[in-house]
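There are two complexes below, and they share subunit A, which is joined by subunit B in the first and by subunit C in the second.
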Partner chain A sequence: MGSYVIRRLLQFVPVILLASVAVWALIYAVPGNPADALVGPDATPQAVAAAKVRLGLDRPVVEQYFIWLGHALHLDLGHSAISGQPVTELMASRIPASIQLAVFSMVIGLVLAFPLGIASALKPRSVLTKAINLYQAVALAVPTFWVGILLIIGLAIRVHLFPSISNYVPFWADPVGAFKNTFMPALCLGTFISGIIARFVTASLRQSMSQDYIRTARAKGVPEYGVISRHALRNALLPTVTIVGLQVGSFLGGTVVTEVVFSYPGLGRMIYSAVTSRDYPVIQGAVLFIVVAFLAINLVVDVLYAYLDPRVQLR
Partner chain B sequence: MTASPATSAAVAPRVATRRVRYSARQKFLRSTSGLIGTLVFLVLVVIAIAAPLIAPDSPLKRAGDALQQPNAHHWFGTDELGRDLFSRVIYGTRLSLETAVGAAALSCVVGLPVGIVTGYLGGWVDAVIMRVTDFVLAVPEILFALVVVATLGSGVFKLTLAIGIGATPAFIRLARASTLSLRDTEYVLAARSMGAAKRDIMFRTVMPNILPPIFVQIVVTASVAILVAAALSFVGLGTPPPAPSWGGMLQTSRSYLYQQVWYAILPGVALAITVGALDAIGRGLQQALGTETATKASGAMG
Partner chain C sequence: MVAVAPVLDISDLTVEFDTPEGTVRAVDHVSYSVDAGETLAVVGETGCGKSVTVLAALGLLGAGRIVSGAVTFGGADLLDMPAKKRRRLLGHDLTMVFQNPMTALNPVMTVGRQVAETLLVHEPKMSRGTARDRAIELLAMVGVPQPDVRYNQYPHEFSGGMCQRVVIAMAIANKPRLIVADEPTTAVDVTIQAQLLDLLRVAREETGAAVVMITHDLGVVAEVAERVAVMYAGRVVEMAPVEQIFRSPRHPYTVGLLSCLPRLDRDVSELIPIPGAPPDLRDVARGCPFEPRCEMSAARSACQNTRPPLMPADPNSVSACHFVDEVESWARARRGNVEEAA
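== the complex of A and B ==
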């Protein structure tokens, strides 16, 4: 177990370093002078000069990278070119909203996916399964931002059930308010991922139902419900853990457009605002954070998988 | 001279491939989703090509009063500038398919050879390229495209380029994994022992045999490209107006939800049908070729 974790960590470090180089180099791909791009269009000449000194922009390129990396390792990702706020502070204020949206979406996704996935695995040729397949196809084909517009038309404009602009209300402060504000964006994202997860549940449950230990359990006289819940489903959960983990990772930066539709103040909309206002320090910080977080989640998922299924480590 | 065992071994997979291909075609035609997807997609291709013949009005010029409800003259109604929405949606098909084909072609043409070469040769180049793909795959497609557009500026060409680059690592990974699984098979060894050049082994012996999962990936990429392009146009960073992009139409429609609700619905239906058709083809291909696990499970969430 220990050596497996170390091996995975050794793969993790070079990717992060590579990501840091790419994110740092982004500023040099922008047409114009990097110092101007970093402090924003309205900066005074003094501010530009100060930024040049702070980031060592008059030194050799390699040294500039290490200066930047040194700052980044101390959680100093620079200041927003628009508001002047520290980038880390700005991100920290958005992360709780993003996490809340991710949790709500995942709950909706799992609640929809499991019954559908199990049902279609157990009755592969029924009409119900055909209907479930159709649902999955539609869930994956329909863009989330369009579902968002439809939900706003239906549930906010026609019937005033939910607000058409979703604010961030912390769940522990006001559960009802949090539900009202997060439900519609979470439903968009949740139905989308339910299509992916349900397909995985079906595939892995079908596979585990054809294993020898299922035949053994049946031969022992275990009731069918027990065969499914205790033997088949438990083994089918393993591959599902991976896909759920990957989806959580993709919630970090993949929800930009959904957050824009609902004006939800998460990381995604912060990135969107940064891109439209060319606020490069914020773009750099956000991308770096998302890559590191995504890889960390992947690492945790892999380790968890290896823990749940010791056979994995042999590969 | 009789055929040496090595030659017949080298010939064998080609016969097998043909047989696989034949049965795969039959299986694909028998899968309902593959068949429906293909038919719908063909119709969309015809619409895209024959857009000027099908669309009753110009997609860019005023055709009547603004924000009309659907009626006999304007089947989908009109937009805020009085342009015929039906015509705009028809021309939008063209834009969407262009992006899809461009992005899929770019990522396949770059990713396939790179994946085969790194997989076959291995070594430090392989290690470096794998870490690069790890990095790009850690950035959600939509975010990757956003950042590229933020750096290079927007426009149809840059958008296609951004999506294509973002989709390349998946091809590299897929081609590399398939190449690795074939590198030590008997017919590759046979080709090597006969003194075939590395380039010929990679592109004549290995490549034809790893194509099935690549076909699936091409279809998946096309579908993701359409969604990402629409999402970017929707937030105003993709195809700039007045071009009739479905994403752009949905964006503008949000200001007129009370006056012309169909404006916000019909471009989305077109988008969903197109993506759904491609997904259905992808699923049919997967079943027919038996490459269930080959593709990346995530689509473009937006």
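== the complex of A and C ==
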């Protein structure tokens, strides 16, 4: 297992390098001078000149890449063209906020998805299942920003249950404050993904309930509860893990719309303002982070999968 | 024969499936019973309803609907019994060995825990340690080598034959009164089949259980069974003691099955099908279901228009053929012809 993880981490290197080339080249794809793009439209000539020196823009292009990479490896991704703040510093303040929102959302998503998914798998023709299907369709179809606005109007403005602007309050510092500030955006995202995950749970549980080993378990006299929890669910979890992992990955990249609606200071809102203000260094940093986060989540999913499925050998 | 109360008694069981193409009557008024300690073989071509009959009887049918019939186990009504009560019997007094051992075990649970579960479900007070020790004993009993190591392995680390040993271990764990073995050797290597049959025989001797042995294989029948029920197109067409089935079958279908049996100079013991195919179970024809393939019928109108009921053919056997009295001489003549031709 340990050696598997190390080998996988080594496999990440070429992927990340490739991504880094793309991120670096982004600046050259921007019309105009790369230095102008990096320091922003309102920069002084001195700042532009400094950037040129720092990035070796007078050197050959390949060398420029390695200079940039060298900086990046030292976690120096330049400065925001707008605020002048170092990009890594900016991201370091946003990443925990995004992780916290992702975790809250996933908890809500799973808490909603599993009972619903299980119920509709077990009673495919019941009224409850019809209601669940409707819920899933609505959860998927209704845009999160609209749910977000409704939540703000309902729970923040009408009754003052939650703040209408969600700040980042670290969970370990103030659990209640963290809950108050994160609940509404997390509910938005959580209900949205609960529709997707519930569908997966239903499909894979139904699939495993029709397998031979379920009949064996029943023939052994295992009560229905045990048949489902010990035999069917464990098998049904396998495909679900993958989809949950993918969702977590996409959350870590920031959830732009939700964060903007709730003014939540996560990566998503950072990306949003960076894009609208053409803050290229920040965009570069965010893209790099998203790539790394996805790779890491994938690794976690694979390890988890191997843990859940003894047939999978981590080699 | 002394009248013993049967352990399992299936009477007039009819099972239907609703499919997009119409209703399939997979089991059509099937009756058979097994006495304590007895082995009954159920034979017939694939799709004739052997599995559906027992699955319906034991309440393990997924889809499908029991249209009529009664099933008793040790005198208690299995079909009307509350599920909870039936669960206390299943896996304890009444156990099953399945056709495909590779899929019958849960792939993500260790083999040992699956055996231990059979014990724990019926004796919740048993400690996990005791269950584990008992499970290891059982694995040793069914011939799993290094049972304490194998206990912690998963089904994919076992061969088909080994998986079937595990399934058999679960089936005998609680000293059942009846073991239903649904083609226990069909999916494994020929070399393993004999070992598994031996194992089942030992298990049966040790537990004193009655056995319903479902099989394609008349070789298996000859080896293990005391009585045989022959099924065709969802019905029992003949039932008789095993010597009599082989010596003087009383139904043309059974005659056909037996003539497909390999002779000593051939070594395949699998049935070679009788020419023609079983009827489509969707259209319930009026006459004898075997009529289209029956060499003895000669298109007589009784065969085409009236369904032959299962009737006593002689003191020991029943047969569903209008012309049951002709079967013996017809079979003899047919055998003569075949040998002449050869």
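Methods note: the second predicted complex is superposed on the first by the 294 of 315 C-alpha atoms of A that agree within 3 Å, B and C clash if a C-alpha of one lies under 4 Å from a C-alpha of the other, contacts with A are read in each partner's own complex, and residues count from 1 in each chain.
The rule we apply is simple: a residue touches a chain if its C-beta (ideal position, glycine included) is under 8 Å from a C-beta of that chain, and two chains touch if they have at least 3 such contacts.
Everything quoted here is computed from the prediction, not taken from an experiment.
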Overlay on subunit A: subunit C relative to subunit B, clash or fit: fit
First, second, both or neither for A:Val159, with subunit B first and subunit C second: neither
Subunit C versus subunit B, contacts on subunit A by residue: B
Cα-centre angle that subunit B and subunit C span when viewed from subunit A, reported as a multiple of 10 degrees: 80
Partner chain(s) touched by A:Leu10 [first = subunit B, second = subunit C, both, neither]: neither
First (subunit B), second (subunit C), both or neither touched by A:Val62: neither
First, second, both or neither for A:Gln247, with subunit B first and subunit C second: first
After superposition on chain A, the shortest CA separation from subunit B to subunit C (Å): 12
In the complex, subunit A residues that touch subunit B: 11, 14-15, 18-19, 22, 26, 29-30, 133, 137-138, 140-146, 149-150, 152-153, 157, 189, 192-193, 196, 199-200, 203, 243, 246-247, 249-250, 252-258, 260, 271-272, 274-276, 278, 283, 287, 290-291, 294-295, 298
Subunit B residues touching subunit A - in the complex, by the definition given at the top: 33, 131-132, 134-135, 138-143, 146-147, 149-152, 223, 227, 230-231, 234-237, 250, 253-254, 257-258, 261, 264-265, 268, 271-273, 275-276, 279-280, 283, 292, 297-302
Interface residues, subunit A side, partner subunit C - complex: 210-213, 215-224, 226, 230-231, 234-235, 238, 308-311
Residues of subunit C touching subunit A in the complex: 55, 58, 60, 62, 83-84, 87-92, 95-96, 98, 100, 103-109, 117-118, 121-122, 154, 156, 167, 170
